[in-house]
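As structure tokens, the structure follows; a few thoughts come after it.
Letters A, B, C and D mark the chains in the order given here, with residues in each chain numbered from 1 onward.
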Amino acid sequence: MSGLAFDIAHLLGALVLTLSFALLYQRRLTAAINVVAMQAAVLAAAAAWQAVTRDTPHLFATAGIALVFKAIAVPLLLHWLVRRMNISSGVEAVFGVTLTMGLGVGVTALSILLVLPLTAGETILLREDLAFALAVALIGPLLMIARRNAVIQVVGFMSMENGLILAAVGVKGMPLVVEASVAFSVMVATFIFGVFFYQIRERFDSLDVSRLEEMQGERQP
Amino acid sequence: MTDLALLIFQLLLPVALAPLLTGLVRRIKARLLGRRGPALVQPYRDLARLFRKEPVLAFNASWLFRGAPYVSFAVVWLAMAAIPTFATTPSLGLGLDLIAIAGLLGLARILVALAGMDVGTSFGGIGASREMTIGALAEPAMLVAIIALALVAKSTALPDLSKAMSEGVGLRVSLALALGAMVMVAIAETGRIPVDNPATHLELTMVHEAMVLEYSGRHLALIELGAMLKLTLYLSLIGCIFAPWGIARDAGMTALAAGAGAWLAKLAAGGLALALFETVIAKMRVFRYPEFLGAALLFAILGVVFLYISQHLK
Amino acid sequence: MTTLLVVLGVPAAAALVLAFIANWRLAAWLNVAACAVTLAASAALFVAERPAPGGLLLVDDFNIYLIALTAFVALTTAIFSATYIAHEVMHGRLTPTLLRFYHAMYQAFITSMLMALSADNLGLMWVSVEAATLSTALMVSLYRTPAAIEAAWKYFILCGVGIALALFGTMLMYLAAQPALGDGMAAVTWSSLLAQAAKFDPALLNVAFVFLLVGYGTKVGLAPFHAWLPDAHAEGPTPISAVLSGLLLNVALYAVLRFKMLLAANPKALAPGPLMIGMGLLSLSLASLMLYRRRDIKRLFAYSSIEHMGIAAFAFGMGGPLANFAGLLHMTMHSLVKAAIFFTVGHISQVKGTQRIADIRGLTASHPALGWALVAGVVAIAGLPPFGVFTSEFLVVSSTFARQPLLALPLAVGLLVGFGALMLRLHHLAFGQPSPNASTGRSVGLELSLVPVWLHLALALVAGIYLPAPLVAWFQSVARLLG
Amino acid sequence: MSDVDQWTLIGVAQATFVGLAVGGCMTNRRPVLIVPLYALAALTCVVALVAALGTLLAPDADVVTRRVLPVGLPDIKSHLRLDGLAAVFLVIVNLGGIAAAVYGIGYDAHTTEPARVLAPFPLFLAGMNLVPLADDAFTFLVGWELMSLASWLLVLTGHEQADNRRAALVYLTMAAFGALALLMAFGALAGAGGGYTFDAMRRSTPSAAIATLAAFALLLGAGSKAGLAPLHVWLPLAHPAAPSHVSALMSGAMTKVALYALARGLLELAGTPQWWWGGLLAVIGGLTAALGALQSLTQNDSKTLLAYSTIENIGVITAALGLAIAFKASGQRLEAGLALTAALFHALNHGLFKSLLFLGAGAVLHSTGTRELDRLGGLIHRLRWTAPLVLIGCLAISAVPPLNGFASEWLVFQSVLDATGLGHWELKFAAPVIGALLALAAALAAAGFVRFFGIAFLGRPRDAVAANAHEVTPAMLAAMAGLAALCLAFGAWPGVPLEPLGRAAGMMVDPSGAAGRLFVGQGDGRTAWLAIAPHGDLTAVYSGMVAALGLAALTGIAVGVTSMASRTPARRAPAWDCGFPEPNPATQYTASSAGQPLRRIFGGPALAARDRVEMPPAGDLRPATFASAMRDPAWHYLFDPLIALVSRTTERLNALQFLAIRVYLSLMFAALIGLLVVVAVTR
């Protein structure tokens, strides 16, 4: 692989991770949706670049799905949902941003420490890609943990999935990447339908304890 | 043939002599207290009078109440017969060892206690409950004393025990402790002072007398005779184990006569000792029994331990 | 190969057809019929030629009986479901539209599970497990009550994250296999992976297994990833609780075990045993203790499922011919017995009009058939002979004590604590003065709907006394592979 | 009898039991089936008894037959084996079974849901018949748990009462504990290779550590089922809760099956026994005996009292068993044989008289409707036949000659005497203590049964239920009479049962050598039925016949002489009572007052027994009150804290059910990170 090709792939991978951190930083729902859309777009670019440089045309399909579905369709849907259901745009954070970011950095460090020695025999690109991807995949759940909001959980899940696809794209000759991204897309769609149909505005763990007890089926008197 | 005659003799003699022994003890006690006391044969007269009198039964007395005096008397009698009093050969000691004797005495105690509860009076209950308590406290001491003896004799059969004890065992602290335990158990079991008082009829201090309060006539006579026999039994038992001298080992006439004489002497000595002891000591409270019989158990266990040590050193 | 395609095709086709049948009674019986055909086809697998390994699909000693078991429980559950939904419709808790969806999803769920079991391709397996998650999550929320929706949501989120981690693990597995097997399908095909596993990079295998264990383990309901399980079982329709407990957990555990075999085939890889032992013990102890404070009868038995998955995971973690055999048997027996229990519990909650344990008492006196079925089921699941669960627990506990007495102690304590909790509740539910029935409750006699219960328990009973030789042979060959 | 016949009989019996259980399910709708089902159950027990006696009475001692059934664990199959020891316990089980079933004919006709008894009852018998036959761990535990399961259902017969449900729960949980312990014991002995057959265990030579581990697990497992302190707490709850004939079986037979497990396991399976196992077991046995007897003495419920007395007797048997192990480990085979024979004989005897007493308590319950001693009294006048039969049982259990209870306790004491000759000083010093404990237990038992019989059957009725009691049905009387007759017969001729028991015991302590001839004294020289002489010479002899016949003869003489000397017929009059007879029956001694002295002496330290008397000051018209409270130390120190621990833990952990998804996600996340760190570090 030429130096330029490597640099671009490296750049795209790093960008995906940076966007993950940007996601952690967001305090507004709409902004978070936009960031994750951007992340998906970068992912699409990364997939496409791999398709070009490695001459693996099926990755174009992955790129296409990422672009059309995750960078455009789903974010639009989410925006519509937020408007339609009057979900307040502020996101209630559980931990402060600093702590969240700190955790994100920790997770990233762990990913690098874990992946780099593991993949000693692989190409540098793959090693970096994999480390970034793992970090992204772990920051997704971190976001889900750190925010109280149903939509942000969808966003977090999408981000996590972006990380996985990034990893899949990076691994040379990995089959079934397309299928996996389709499956994930279906899952995300179902999530969104869940939010929509069941009117899950917030997580049930809002501070209203009485509501919580009512929900649990267990604590009824 | 002589065996059978001897057996019958052994069966009958203690029964015949038991009231005399009681009379002797009473007489000595009276003398020690400065009274003249009743005649030696007074117990025979009492028994004869009781046999003549009409027995009175409570309305709700059951068959058990009527039967218990006979069976309990027979039980003590059988136990008595198992003890080599003046001769070993024809005794029932072959079939009933020391443990069996303890068991038989337990049976007698149970029967009398049950009879005491039969009429449904509170005195019967109090007597039965206390009698069984004393039994429960005495039994462990008795058994450990038996263990001590069996360590010496390697046997629980009385003829062997008495033989082993007569064959140069010598004076030993351990055996003295066992003797002490046995004596204390005997005192408790025969209802003597300080555990019980055979002469009292003060309600709250009675044990044995409270149980048999409802008996009269021939039933009471059998109960009384049984109690006397039990005293004889314990004295003979202690005699044959701890003073095994003179007991006839064969059916020779001289040996038998000597044996009988020795036995009578032992009984008399035992009666004297008992009377002396009862005179100098006071009756104790019911809940002091555990201490008294606990001491007996302790003596017996110490006896066993000393025996272990002496046998180990030997 | 064709037989296997029939096994997979029939439920898939049925799912499509059922989506368009408005008459729920007809749909219910079509559902039963489709399951019956599937079962017949899967029975034919035993005699049919097995497909050559290396393709997308695989039939071997491990999955052949699991496929049959899945088809069997699917059929009995379908029978139970037919009577169950009749009552639910009658009392307006479900509408025909929802039922159309329900039946289609039921078959889709069965398809995805059968697919996951018969997949030779790790990607296919992953996609199937995900599909199974999706279809059941939708069914869990069928009642549309807030609690049901929350349960479904919890299920979605936790299992979604889990499944994503499993994908990452699968990728790492590919990465590990790539040097030995080259690019492409061979490196994600289980049978070729197994053949070459010894050449893989052990370090990568280890990390891959961690992701797979956490990912699929979430689906198995191992602590601390179990949170979705009790709620999903309690709030969904009871037939779904039965298949969730009886089948889905097995499928997820099956997936974990497939990967464990790969690790077992690599001598340098970290032994996966301690991880599984730890999680197994944690699940067992946690679930046993959680059983005590349960007030909802379905949640109670859901926790019991966690407990039993913990036991199975522990057994596989211990490894060795005896413990592995026990684990396999335990999976099978747990499926049968737990499904039977959920059938019974479904009846009970319909009769009494409540799932609250406090409101259900004295069943053996008021409803002998139901009450004694519950007693038999709980006795069986509690590990008392002559039911099959006893056999597996016998082997697990005794072989563990022989090898690692210190590990057997927490295992035994956990079992005992769980036993006490189940019996505490059983004494309350089945004995004492009967509680009143719901005014809308159904009357239960010895009707068709109890046949599945007795059928399951009878099978568990037979297995407790006698295991057929072919089953033993399969178990033993799988146990060898599991290392 | 050839062995084919025996196994056929056993097979027929077990199949019939299963069939009877199926039939029993139908008795709710067809009560007419009750009598034939019980009769058939009794017959089936006879069949099994015959099979067992065939082995037990065979002249060649080492008659051991085996069968392998193609069920059970794969590759191991189900192994069955019938030897002397198994036969002894089969005899105990089936004797109890016959009595219980015959009794059931008369007892169970009027219950509302007879199927609750009749369905599990045959399964209970089947389980107890399977355990002694089992020759591999799996079959053994299946039988064991079948026994537990069936008896659990029987305890639940009266499930409407919360007390019974609690009893059943405690019972089943303890049974599960026991089974797990046994499972571990077998696991340790089988080894990692899975040698689950007992033959494999006999062949293997486990290391001392493994053997000790297994022995402890066996002690916990079998001990909890047998009722050894402090694992006995379920027993006084569960045994009284069951219908009386089932209580009889549970106390008389099931606890013996547990002791069978202990004997088989410690003597044969757990490698070479070590001397201190035996010493420990004997001391535990002695303590259990004394505690059980003491507790029995303080109970006011007739069946609870009997259950505690079972604990006492189990203690006695265990003590003898412990001595047998100690002797075997010290190489003293003759003494080991004697001690084991004593244990077996006492087990047999206890099976007889405890069944008799439970059936008697059942008769009282049947005719008065109450188990409270303080509502009874004077039943000797109403239950004319039951009373003497129960009296025989009371005398037998009080260990007095000439009954069977004495004969076996006599043997146990002989073993204790032998134990003074053991080589280890610990054992030497333990011997007199064990002896004292056993003697105390026996004497306390005597006091307890005087109290039981005296309060329930003697005196005046304390309540209308006792005044209006009626005699029970002939079938119930027949069952009791049969047991009483055996108590008398085994008391008078202990040598008869002892000969086969001695052979069986000899096989266990010395399978290689002159099997069965170790325990001599019979057959050579003196005829076996005349007397028992365990050491084969004249050093210690007990002749039940001399005691029985001598007693009969002397009683006859006493009666005869007295009737000659004193011909006046007895007169009936009001009770004397020191001149102040009180007509109110409430003035009689009550159950708690009869136990008061011993409760006060021993109960204070051992049972935390407290009597509280509240005497109002003079002039105050309030009645004085008396309250007596006690607490089983096992509950207080062991089980209550355990239950509280579980309760606290579950309370805390329960929060885990009510967390937010976020928190569950973080748990998952944390676990993942943790595992990754572990992998990263261990690499």
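Going forward, contacts are C-beta pairs under 8 Å (C-beta built on N, C-alpha and C of every residue); 3 or more make two chains touch, one makes a residue touch a chain.
Because the structure is a prediction, the values reported are computed rather than measured.
Colleague: Name the chain whose C-alpha centroid is farthest from the C-alpha centroid of subunit A.
Modeller: With centres defined by C-alpha atoms, farthest from subunit A sits B.
Colleague: Which chain would you call central, comparing Cα centres to the global Cα centre?
Modeller: D
Colleague: Counting C-beta pairs in contact, does A-C beat C-D or the other way around?
Modeller: C-D
Colleague: Between subunit B and subunit C, what is the separation of their C-alpha centroids in Å?
Modeller: About 77 Å, centre to centre.
Colleague: So how far apart, in whole Å, are subunit A and subunit C when each is placed at the average of its C-alpha atoms?
Modeller: Distance between chain centres: 30 Å.
Colleague: Centroid from C-alpha atoms only, then distance subunit C to subunit D, rounded to Å. What do you get?
Modeller: 43
Colleague: With centres defined as the mean C-alpha position, give me the subunit A-subunit D separation in Å.
Modeller: Whole-Å distance between the two chain centres: 68.
Colleague: Among the residues of subunit C, which are close enough to touch at least two other chains?
Modeller: 153, 157, 161, 165, 203, 207
Colleague: Which subunit A residues sit where two or more other chains touch them?
Modeller: In subunit A, residues 114, 117, 141, 144, 153, 204, 216, 218-219 touch at least two other chains, as defined above.
Colleague: If a residue has to touch 2 or more other chains to count, which residues of subunit B qualify?
Modeller: Subunit B, residues with two or more chain partners: not present.
Colleague: Going by the touch rule stated at the top, which chains touch which?
Modeller: A-C, A-D, B-D, C-D
Colleague: Show me the residue ranges of subunit D that touch subunit A in the complex, using the header's touch definition.
Modeller: Counting only subunit D, the residues touching subunit A are 657-663, 665-666, 668-669, 672-673, 676-677, 679-680, 683.
Colleague: Which positions of subunit C touch subunit D when the two form their complex?
Modeller: That would be residues 153-154, 157-158, 161-162, 165, 203, 206-207, 210-211, 213-214, 218, 224-225, 227-228, 230, 270, 275, 286, 289-290, 292-293, 320-322, 362, 364-365, 379, 382, 384-386, 390-391, 393-395, 397-403, 405, 408, 412, 415-417, 419-420, 423-424, 427, 431-433, 464-467, 469, 472 of subunit C.
Colleague: Please output the residues of subunit D touching subunit B within their complex, sorted ascending.
Modeller: It is residues 377-378, 380-381, 391, 395, 398-401, 406, 410, 413-414, 416-417, 420, 425, 428-429, 431-433, 435-440, 442-444, 446-447, 449-451, 453-455, 458-460, 531, 538-543, 545-547, 550-551, 554-555, 557-559, 562, 565-566, 568-578, 581-582, 585, 587-589, 593-598, 600-601 of subunit D that touch subunit B.
Colleague: List the residues on subunit B that touch subunit D in their complex, please.
Modeller: Contact set of subunit B toward subunit D: 51-60, 62-64, 66, 70-71, 73-75, 77-78, 81, 92, 94-97, 99-100, 103-104, 106-107, 109-110, 113-114, 117-126, 128-130, 132-133, 135-144, 146-147, 150-151, 154-157, 160, 203, 213-214, 216-218, 221-222, 286-287, 289-290, 297, 300-301, 304-305, 308.
Colleague: Residue numbers of subunit C touching subunit A in their complex, please.
Modeller: Against subunit A, the touching part of subunit C is residues 121, 123-124, 126-127, 130-131, 134, 137-138, 141, 144, 146-147, 149-150, 152-153, 156-157, 160-161, 163-165, 167-168, 171, 174-175, 178-179, 182-185, 187-188, 201, 203-204, 207, 231, 234-235, 294-296, 299, 355-356.
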